[in-house]
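Could you have a look at this structure, given as structure tokens, before my questions?
Chains here go by letter, A, B, C and D, matching the order in which they are written, and residues are numbered from 1 within each.
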């Protein structure tokens, strides 16, 4: 038994040892900075930027409350709350849109013959290789007043004046769904690719309709892929700031823009740091909910 | 995650070439630097110029203030120069190294925000007004009421450039105040009017030139040079000078205290004060440059452009923005943040 | 078995009191009990038992992939219990073959010699020789996935033989092959073993395979070695009910020792020889025992001679016919009778059966 | 014709149509932009004829070249560093059975994927500006470090997937055939792992380049 223990321990030691370079890098360049963000959120704001090294709860106070500029009355910061709400709403919508488009796409790719599957998969990833800014500009060309959609609709005589899509929540939603679609397709593909299609035969054999097969057989089995896709799309959507900035026109802010504002024109780094921490917490909580949901629905492992 | 560099590259990435031989790192407003002029400078001196963009004075100040930005030259607006100086961010210019300093036009040689041009030389100057597409709205463009209380035709079609001082001060002038006022009654009016007008705006975005000429914006609080560029592409665009008062600005090139390519920076400063070169800058961005004799080299269309040549009747309404006290800045920032979110 | 270090040189592998426990605390599982075994040089030795009996664990301990929790393993007199696998002159043919997919057949076969630092020329010669041995000369430059299952099996064999190990371990190597190919490979293996003279330790759960190929068989169950012997010994004289049941079809009848024989539940007395490796206390005159009787050792007669029985089921199996017989005490027994022998019986017919008493094995009840 | 109507369990109604739609939606905007970028005019909004001028300008512009060269250097280093670290971590976390603290390692490795990009941006902005001011060093090193850390999960995931799909029997067989642990890694594990490593490195490279 002693030897056994030693072996077990050396296994662990080896695992840790081999992981050390990666862990060091991550702790130094990824986790460490997050702790500093948390620290900045409880400091006092500097004149133009930065912080003074004095403890202050003002950053956190201003996440939830606002003090009127003129009469100093304190009220609930409903503007902040509406920004958070809009972000969560748009992120959920983005996740759903990418899922509705991504599931059939992943299914389509996974059911191609093995020879051409890699090609279709490659086709999905190519846009991913293109710079995010360029992709956002591309979608702008589609939705702007003189863009493809409006031009086509006007040429077809369906509308007489362009529909204002640019600078609306719809534009932000379209942009984010466009940008993050591959992130949904890839994990779904991975799950469907492993899927045993004989199970569908069994489903049909047992009198299930196509819809019942989809709901009762396919979706539960590829659920890990669905959850991975939801997380991979939801989290970046929630933290997005480039796409909402360009397509929302600086008015329809998401949390990302709001945080960015505090580090730029708002000149309030502690508030920005506190907002970042809140965003991080939202992500953590949604992670926990996802995990709970996936383990509760699946008691048999 | 694929874009966190938008924040970090600008800050960190630009430091890459800081030490290289014959390198110069210029931090300037977006779409503001003539590529031909840069090419000519590189050709003459062998110095490669890296340009990074910003879209507002605060953005630039924040990044420079964060320290060790790696930039050599920055182009702040007049009212920001004293802030940079106060924070110790700028190096005092050695005029002996800038023979062309004498080319600065007489009225810009000694300015209130930089007495004796100790820290900066002119880049370009202009005004902030309102650009209107006459095919959408053909009323009088010369009033700031257009964005504070947009007429029916412009509701949901007007853009506001996200530059705090320009927008707030235009609104302050409209309310009868002076630049940098701390009069709470006026400021409250300003805030209330802006907040009431906000839902009628389409966006608060930078990069107005293209969108004005393409018709994505029917109107915009905008700079005169940008409006001229839009008008060249789309004759329907006109530039209005708000009669209630409008800001004038001058952006000046300044040498950062922690610049690493100081010699190259002096060569560049001297270069742009050459009238022919200054004219290239103006010819690109369509603003006046403040260098005596540069108009000889300017494109013909600028000499008569209604955006550049201020009509006599509106000249008096233009005001240079002074540098406000910290207490005013705090108030303005609060209003502006409220407006943006 | 009492020797220490300087063992008889004819012993290739000597495992002493080997135990292996996985996990620890409450979750500990003993995969091997206290196994001791000596395998002769040049022997074809088979470890036989159902899956999970510990035979593969024992093999992996000999190969060095597992370290025993207790006990020692000697190879040609040297203690190798804690020697890493790459330093043991022992090679394995894996159940999954474990051919390196990115290497050609020749590279696979030459891998061991290359790792041993043999010059390239020698490696090439050895590879050619071994490939000829398994008749795969023309496949040297193929990749494993371009070969059939049987060919892959031969490559795995060749690869393990190439370094001329002292002992070759074979972990159920034929289980993935179809019946015909398996028969073919069985004789192929037997031939290779004879030709090379290398000690083979063969693991299988197929009793027929074990019986036909081995010099000796070790039967294992639940981590323990139950019996070691020649195929004949194992088949004819199983030491306990498990071995008897596992090796071939067997009838078990309960009885009590009574004088020179065993009194069955039916009241009949069988004069079985009470000798040999019995697990029963012979002094206990009335001790309960179990008799193991092979179906082919039962003869049927129409006349009411011997033990009275009734045919309850008859199954025609080609050369043989299987009869299930009900005895008077309610127990059942199966008899295998050559189909062309005199007489066939119908269901319900009363018969008398006689048992070849010499072939009966007396076991603990 | 009868074939087209036959029942295929792999087909679900409307799925193919939506899939095709997805591909069109993905590519239409990019193609539009490509067409516009050949446009001779200064503004992308007016069609000014087919022209390669924009591309020529982009390539002649030293600033652009410089930025491109810089991000290539960063991406190269970042992908090499992150892939090496990720390969080691993947070997450490999959090839040695389960051990205490494995979950902690997973969480740390996947952290960059779980943090929204704006938070990462803000964190790095604050962190590196602090470090930079403290040390006075303004080289490329920080960016390479940040990118390397950021790319680790992207490199780690395909490598680990590959490792998990890989039969340990290969390594066992190599050990059986006299290969030392290092030889086993060099001749068996690494070559078999290569597709995963290449995929991981490419992913890391792209992510770094795009970031």
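Criterion: a residue touches a chain if its C-beta (ideal position, glycine included) is under 8 Å from a C-beta of that chain, and two chains touch if they have at least 3 such contacts.
Just so it is clear, the model here is predicted, and its values are computed rather than measured.
*Asks:* Name the most central chain, where centre means the mean of Cα atoms.
*Replies:* D
*Asks:* Let me spell it out: compute each chain's centre from its C-alpha atoms, then which one is farthest from chain D's centre?
*Replies:* Measuring from the centre of chain D, the most distant chain centre belongs to C.
*Asks:* Between chain B and chain C, what distance separates the C-alpha centroids? Give it in angstrom.
*Replies:* Those two chain centres are 91 Å apart.
*Asks:* Calculate how many whole Å lie between the centre of chain A and the centre of chain C, each centre taken as the average of the chain's C-alpha atoms.
*Replies:* 59
*Asks:* So how far apart, in whole Å, are chain A and chain D when each is placed at the average of its C-alpha atoms?
*Replies:* 17
*Asks:* Using Cα averages as centroids, what's the distance between chain A and chain B in whole Å?
*Replies:* Once rounded, the distance between the two centres reads 35 Å.
*Asks:* Please set out, as single numbers or ranges, the residues of chain A touching at least two other chains.
*Replies:* Residues 8, 132, 146, 236, 239, 241, 260, 263.
*Asks:* Would you give the residues of chain B that are in contact with at least 2 other chains, written as numbers and ranges?
*Replies:* Chain B, residues with two or more chain partners: 1-3, 6-7, 66, 214.
*Asks:* Would you please write down the residue numbers of chain C that are in contact with two or more other chains?
*Replies:* Nothing qualifies.
*Asks:* Would you mind writing out the residues of chain A in touch with chain B in their complex?
*Replies:* Listed in rising order, the residues are 47-50, 66, 69-70, 79-80, 83, 132-133, 144-146, 164, 166-167, 236, 239, 241-242, 248-251, 253, 258, 260-268.
*Asks:* Which stretch or stretches of chain B touch chain A in the complex?
*Replies:* 1-3, 6-7, 56, 58-59, 61-62, 65-66, 83, 87, 156, 159, 162, 164, 184, 187-188, 191, 198, 201-206, 214-216, 326, 331, 333-338, 340-341
*Asks:* Which chain D residues qualify as touching chain A in the complex?
*Replies:* Contacts found on chain D: 7, 9-23, 25-30, 32-33, 36, 44-45, 81-82, 84-86, 88-89, 91-93, 96-97, 99-102, 105, 108-109, 111-120, 122-128, 130, 145-146, 148-150, 152, 156, 206, 210.
*Asks:* Quick check: in the complex, which residue numbers of chain C touch chain D?
*Replies:* Of all residues in chain C, those touching chain D are 63-65, 84-87, 90-92, 94, 96, 98-102, 111-112, 115-116, 159-160, 163.
*Asks:* Please give the residue numbers of chain D that touch chain C in the complex, ascending.
*Replies:* It is residues 167, 169-170, 172-181, 183-184, 187-188, 191-192 of chain D that touch chain C.
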